[in-house]
Amino acid sequence: MVNDKESQKIVDIIQNFARQSSLFVLAYGTGCGAIEIPPTMTSRYDAERFGIRGAATPRQADVLLITGYLATKSLKRVIRAYEQMQNPKYIIGFGSCTINGGMYWDSYNTINRLDMYIPVDVYINGCMPRPEAVIAGFAKLQKLIQAGKADGWDRYQKNLEFYRGNQKKIIHNWVMPDYNW
Amino acid sequence: MVADPILYVALPLLTAFLLPIIGKINKELIRIVPGLLFAFLVYNSIALFSKVSATHTPIIVEIAGWAPPIGINLVYSSFTGFIATIISVLALLVWAYSYKFKKLEFDNSLKYFVLLMLVTAGSIGVILTGDLFNQFVFLEIVALSSYPLVAFYRGRNGAEASFKYLLVGGFASLSILLGIVLIYSQLGTLNMADIAAHIDEMPRNIKIVSFTLLFLGFAIEAEMFPLNGWAPDTYSQAPGPIGAVFAGMTAKAGIYALIRMIYTIFDFSGAFEILLIMGVITLVVSEGIALRQENLKRMLAYSSLGQMGLLMIAFGINTKTAVIAGMLILFNHAVIKSLLFLSSSFLVYNSKDKLIKDAYGMGKKLPLTAILFGIGAFAIVGLPPFSGFWGKLYLLMASADANLLGLIALILAVSVIEIVYYFRVVNGVYFKKSKTEIEVHKPRWNASLAMIILAAAIIVVGIYPNIIYDYLVNAADTLLDKASYISHVLPNLASN
Amino acid sequence: MSNIIIILAIFGWAILTYIAFRLNKTLGNIFVGLIAVALPVYYFTYVPEDYSFQVMGLTLQFGFTSFSSLFAILVVILGALTLLYSIPYMNKKDRLGWFYLNFLFSIGGMLGILMSKDFVSLFIFWEIMTWSSYLIVIFSGKKVNKVGVKYMVYSAIGAYAMLMAIVLINKWSGTTNISHFFETFADYSNGAKILSSLLLLTAFAVKSALMPLHVWAPNAYTNSPMSYTSLFSGALSKMGIYGMALVAIMLYTNTGMKFFGEALAWLGAITAVLATFWAVFQTDIRKLLAYSSIGQLGYIAVGLGIGTELGVMAALFLALLHGLFKGILFMAAGAIEYRTGKTDFSELRGLIWKMPVTFFSALVAIIALAGMPPLSGLISKWLIYEALLSSEHYFLIILIFLSSTAAFLYCFHFLYGVFLGQREDDIEDVKEAPALMLVPMVLMSFGLLALGTFPGLIFKHISSSMSYLGFNDVTWEMSVLTNEWGNKIYLTHLNTMFMVVFAVFFVIITLVARKKTRRVGTKDIANAGEPILAEDNYHFSQDFYKPFWRVISPVMKYRIETFYNSFANGIGEFFQFFRRVYTGNGQTYALYVVIFLTILFIVGATLI
Amino acid sequence: MTEELMQQILKISFYGASLALILIGLYGVLTKKNLIKILLSMAIAESGLNLLFVAIGYIMNGTAPIFSTAVLDENNQLLETVTMVDPIPQALVLTAIVIGLGVTAVGLALVIRLYKHHNTINIDEIRNLKW
Amino acid sequence: MDIWKLLLTGSVTTVLAFVVGMLYMGLRRKITARVQNRVGPPIYQNFLDVMKLWSKKSSINHGFMQHVAPLWMIATSITTLMFIPILNNGSTFFTNLTFEGDLIMLLYLMVVGSLGMALGAGQTGNPNSAIGVTRGLTQMVGFEIPWVMALVALMIQHRTTTVAGLLDVQVQSGTWLMLSSPFAFIAALLAIPGMFRYSPFDIVGAPAELASGPISEFGGKYLGTMMTNGAIFAFVKLTLFVDIFMGGASNLGFLLLKTFALYMFPVLWGLVSPRFRTEQAVRFFWGWPVFFGVLGLIQAAI
């Protein structure tokens, strides 16, 4: 039955529906974008309507939210948190800084392109993006999940060497355990 | 071979005087002859004691053929015989222990053995004699030979202890003699049985005065608090084996004299209470003081005083059970305390101050001695299956029969104190590390044998006390039956 | 004759073992193994026969009663298992002969206590047991005075209380026969009743570490080798329970002196609560288990104190059970100590990876201790609560519940602190304990499991032994518990249900995403993205229950131990002062003589 | 009458003297600090005691208690009886004196030893062994 | 005892408990949202969460104990559920094992899950987990006391130790025990928030301090199992309380009504309270609740 493609498809649809309507967010408050998370979650914009709620630890989380510029020092933590999340897992890049470095484009200690290091599923641009934009980003992610296209976790595994190479360029003293699946 | 109570006294005295002459023949004989003598005394005891306990009648010896009350007599009953046996066996063991004892230099061993024989003769004499003045003389023999023994090592402290003993002992002899004089002035007789038979004829005042004086004198010898200031000093300064002699012989002689006076000679019922109360005070004070002693020998000495307190309590209760308990404690004290003194003197053999901490770490260096000391400690606090337990049990049973609940609690509380200080020492001997390096002196085989025999006696009696129980009952009966004592000593008086 | 022979044989064998160890270590170990096997075999096959003889005018009588044979089973089984366990555990140590000599002497002493039919022989064996256990407590040579002498002193206080009771009983009833004493107890005067029972109770309370007299226990349990502590806490302390059961039931319940029973129950409950609280804050596994033992013995005292049928049942069942699970736990602690050399929580962690069998034995024991289904602990707890409920002890039950809830705290502390948590590299060399150490633990774990579902196996014995105490011989079903109000628990249903659901979900959870389920190291944790370096360890071991300590510290500040110590010091100081009587001046002594003479004159003239 | 009175006076004076000696001895033992003086006091007390003992046995006009040939008449009847003092106290006193002598001798020997070690014979300063 | 019937009714009861518990938790989220002037998630949101967690493609554990911890909990919950009467009308359908256990056993059965959880949390090696467990155990010492006081009062007063027995008492007399034994009821009621670990007693999970405490290393199917268990266990606790104090329910409608009303108490309290510290929580439980518990015991004794 499992091998049956049709039924597998149905199962996939149901599972993807569950995935997209229940997003546990690990908000990684790296930069100024963290200030936009509280209004998004609380009464004014109430992201919980869409099943989006905070998760306390990476183990329970589905979405890693990189809120703003990522210092090279923080990259290690982000990678660590990302690798501890359970598949399937998604990353939302938050603000211009994650796309091209933004106003920190020439800073010596800020990375410019986030998706060189970890697979980003959705970018939300703006400096900073308003909560409306954040919710729009989540909606986009939900659509991708439902369509089965939010496959950053898969890419990460398949292109691990590429990502590792990039990561190790930034992080010189690499003391982290290997990604073990 | 002959066996006669007179030999107990006569032979050691004779040998003591002959020993210097014998020594001229062969110096080795100085050490051997006392052993032969003590062996003979043991044989004498066994022969006589089996006879007495078979017939249940005491053996009365009239010295020089003069019948009492005029002549001096020796009474070998199952009570006196029991103590005499203990003393003679102890004397033999002390001899075995002291044979080639390193600290007794060859020249000194003559003096030592002479004094030892005199003490033995004196102690047994005190116990066997039926004459009050004779008892005084024997006590003085004991005392006079004890003084040099205490100061035997010629150190400053030995002399000091000896002098204190002499001072207080002088009081004792004065007091006893005065008491005897008073009795003689009233009754004109010195025979105990005779005095006992005629004690009613004495005026009450003089009776009280003479009783008090005799009580004081004997109590000093029996180490009653507060008259025992000399005792810890002498115990701690005398040579090792002499501690055993003091605990096992001289103290026994003192307590015997006290008991005989209270039980047989006088008819004061209050005397028992005084003995009881003083026993309690002696027990509590001595054991309490022993609690924080730093000197091993002094600790054993205070413990010994405590045991004497127990003895006084036992004989102060004045029931048959109590007397049996007293006899048991007497036996235990003689055996166990001797073992403790004998073994402890090897534990602190080369130590100057005989401190407890000098004995630390001896468990490894002197395993046999240490275990014997441990057995002694276990036995003296009354743990079964060692013999100390039965004495304590019987004493408690006697106290219970006499409705002395507080006394039971007190004795037991004191036993707890005993446990504390004895077990500290045993633990220290086995587990603490010695801070100072003291050269170890191993006991010779004969010394070990003496101690092992004592330990074996403790264990055997502890496991199977029935082997002495019948003798104890006989002894108790004998002591309590005043009338039969008088009638045996003075058959004429009874027929009148 | 065969009764006393078993004890003499043990004593004799002890001496032989000692000699064997002096000759050759292997020979000695063979001797130990032989007695460990022979003891249960002989005990369960021989035909009991009474024996008596006269010593010192006292009659000593021996013979098992149905009640004491219940405890004898525990002693024999636990004794044999701890002996087996000792062989590898003690193998590295010196003076083994001495150790086993005392070990066997204490086993013999315990059996002697159980077969004594009169107080004097009871006392003799009691003391033999005490000093042999004392010698093992100080066996390690550490803290000999602080711990050993303290143990001996408290034991002596207890034993001497018993001795006092014995001589009083001997005086009142003319015999020291135990059953005669109980039969005639009703005829005693009130003072005699109170005095004798108080004394006996004190005696037994010391051994079973009831609250004001428990001070020796934690240190003594900690200081002796763990293989002996299993026996110490599991069986030796039960001798106190044995005596207490006799006293409590025979005296208080049967003669209507319920007040004492109540007092005993309250003492037991307070013991249970306070000891459990103390156990919660221990940082040494041995100490934790020691306090836990005290707490468990408190429960037993509660059961005995209320004295109803269920209560006594609970007490006896728990007494046996405690022997099993505390035996396992102390053995586990010993195994840990044997392999790592550490016993402090701050130094231990993650041993489940290296010692899984030990862990699962300990887990079984802990579940039983905590009273959770599906193990036998639940039954003992249930019996106690039902007994308290049906005898309407409103507040005792709350205390007991408080204690047993707080017990979860230390249960978790033990399991987590030792076996769980982050692994450290320093345990890489640690191996599972030797097989001979595991076998006793595993055997006892199976015992606990079996009793958890089929308590009827042992209820049969308990209820027949309770008929000796004067209760009706109630037949209990194999796995159904019934309380006095007719409410029932079907243990088979409960346990099967639990197991089945557990198994079903185990299959489900294991199969779902089976291939993608990975096991990662304990340092791979969600730590705010921060990787844990090899030299770091985030194991939680300090101030484990700090908040709880903040809550209850006002109560815990006051310790009876402080009072005892100052009392003992006071005695010492008093006599230290008194020592000055012996001034060392001969003249003073002469003065004493004169003063004494004067006083004697006065006393003599007035009194005589 | 006078004889009886004499006897009473004599007895009282004997007793009084011996008691005084004993008390003097006691006083000396308890107050003197010199070891030799203490020993001497003890000897004095002992003498007093011996005196008392003899005095008790003394009978007025008695002769020494020595057996001599009896004075008999022709019928072998005792012709006259001679009053003897009680012999036993005298015998005992002899023993007591010997004992006292021994004690004093040992005591003096000890004093010499003590002086050698302590360089003093003040009893207050010889207190090494205490408590 | 018909094993097949038990299998059937047991499954139905379990599913019922799961659904009701999930819906209650969804309602709680909804109500919370409304109180906070939000729209809130749909009430079936928790089903979606559980489904998502079960459909995770990978999950990790740190060892065997962590692997079995969630199912240890759920086994406990379901076993407990089997021993609790769902309805009081004597219908045989929901009987399960009701008459084969009693309250004392239930009290202990209910903490077995906590032990499994504690062991699993302990094995993860996350210090937050262990801290959370110690907090939870400490808190348990707090709230169990008034809770047990209330139960003891009722059990002794009515001379039965079974839930069914207490239900019978209420059915016979027609009054709920919360009315006849008000003090015991208040004590037990005050203990309820502690059992549910909602604010102000959410010290175990305490997201801002401990990163969700014991469960911080659980994800995927393990977390899903735990959420399932949470739903069932909430139902168990509510039903037990309703059975004991509120006369049970004669049909499922009443059951839902009563349990929901009861459930609102910790939920609404939680909405308006900040978090206690651990020692404050214990002191709270040992304050007024114990006082009322003592009053309840006195009432029962009289």
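Per-chain numbering from 1; labels A, B, C, D and E assigned in written order.
Quick note on the criterion: a residue touches a chain if its C-beta (ideal position, glycine included) is under 8 Å from a C-beta of that chain, and two chains touch if they have at least 3 such contacts.
What you are looking at is a predicted structure, and each value in this text was computed from that prediction instead of being measured.
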{"item": "Number of hops, subunit D to subunit E, where each hop joins two touching chains", "value": "2"}
{"item": "If a chain touches subunit C and subunit E alike, it appears here", "value": "A"}
{"item": "Pair of chains whose C-beta contact count is the highest in the structure", "value": "C-E"}
{"item": "Centroid-based (C-alpha) most distant chain relative to subunit C", "value": "D"}
{"item": "Chain of greatest Cα-centre distance to subunit A", "value": "D"}
{"item": "Chain closest to the assembly centre - both centres taken as Cα means", "value": "C"}
{"item": "Subunit A-subunit D separation of Cα centroids, rounded to whole Å", "value": "120"}
{"item": "Distance from subunit C to subunit B - Cα centre to Cα centre, in angstrom", "value": "44"}
{"item": "Centre-of-Cα separation between subunit D and subunit B, whole angstrom", "value": "30"}
{"item": "Whole-Å separation of chain centres (CA-atom averages), subunit C against subunit D", "value": "71"}
{"item": "Residues of subunit D touching at least two other chains", "value": "29, 38, 126-129, 131"}
{"item": "Subunit B: positions in contact with at least two other chains", "value": "163-164, 167, 171, 232-233, 289"}
{"item": "Contacts with two or more other chains, residues of subunit A listed in rising order", "value": "57, 59, 87, 181"}
{"item": "Chain pairs in mutual contact under the definition given at the outset", "value": "A-C, A-E, B-C, B-D, C-D, C-E"}
{"item": "Touching residues (chain side subunit E, partner subunit C) in the complex", "value": "1, 54, 56-63, 65, 67-68, 70-72, 74-76, 78-79, 82-83, 97, 99-102, 104-105, 108-109, 111-112, 114-115, 118-119, 122-127, 130-131, 133-135, 137-138, 140-141, 144-145, 148-149, 152-153, 155-156, 159-162, 165, 211, 216-217, 220-222, 225, 277-279, 282-283, 286, 293, 297, 300-301"}
{"item": "Subunit B-touching residues of subunit D, taken from the complex the two chains share", "value": "22, 29, 35, 38, 42, 45-46, 49, 52-53, 56, 86, 88-89, 92, 95-96, 99, 102-103, 106-107, 110-111, 113-114, 117-118, 126-129, 131"}
{"item": "Subunit C contact footprint on subunit D (complex, rising order)", "value": "26, 29-30, 33, 38, 123-124, 126-131"}
{"item": "Contact footprint of subunit C on subunit B as seen in their complex", "value": "163-164, 167-168, 171, 175, 208-209, 211-213, 215-216, 219-220, 226-227, 229-230, 232-233, 268, 270-271, 273-274, 285, 288-289, 291-292, 378, 381, 383-385, 389-390, 392-394, 396-397, 399-401, 405, 408-409, 412-413, 415-417, 419-420, 423-424, 427-428, 430-432, 464-466, 469, 473"}
{"item": "Residues of subunit A defined as touching subunit C within the complex", "value": "28, 57-59, 76-81, 84, 87, 175-177, 180-181"}
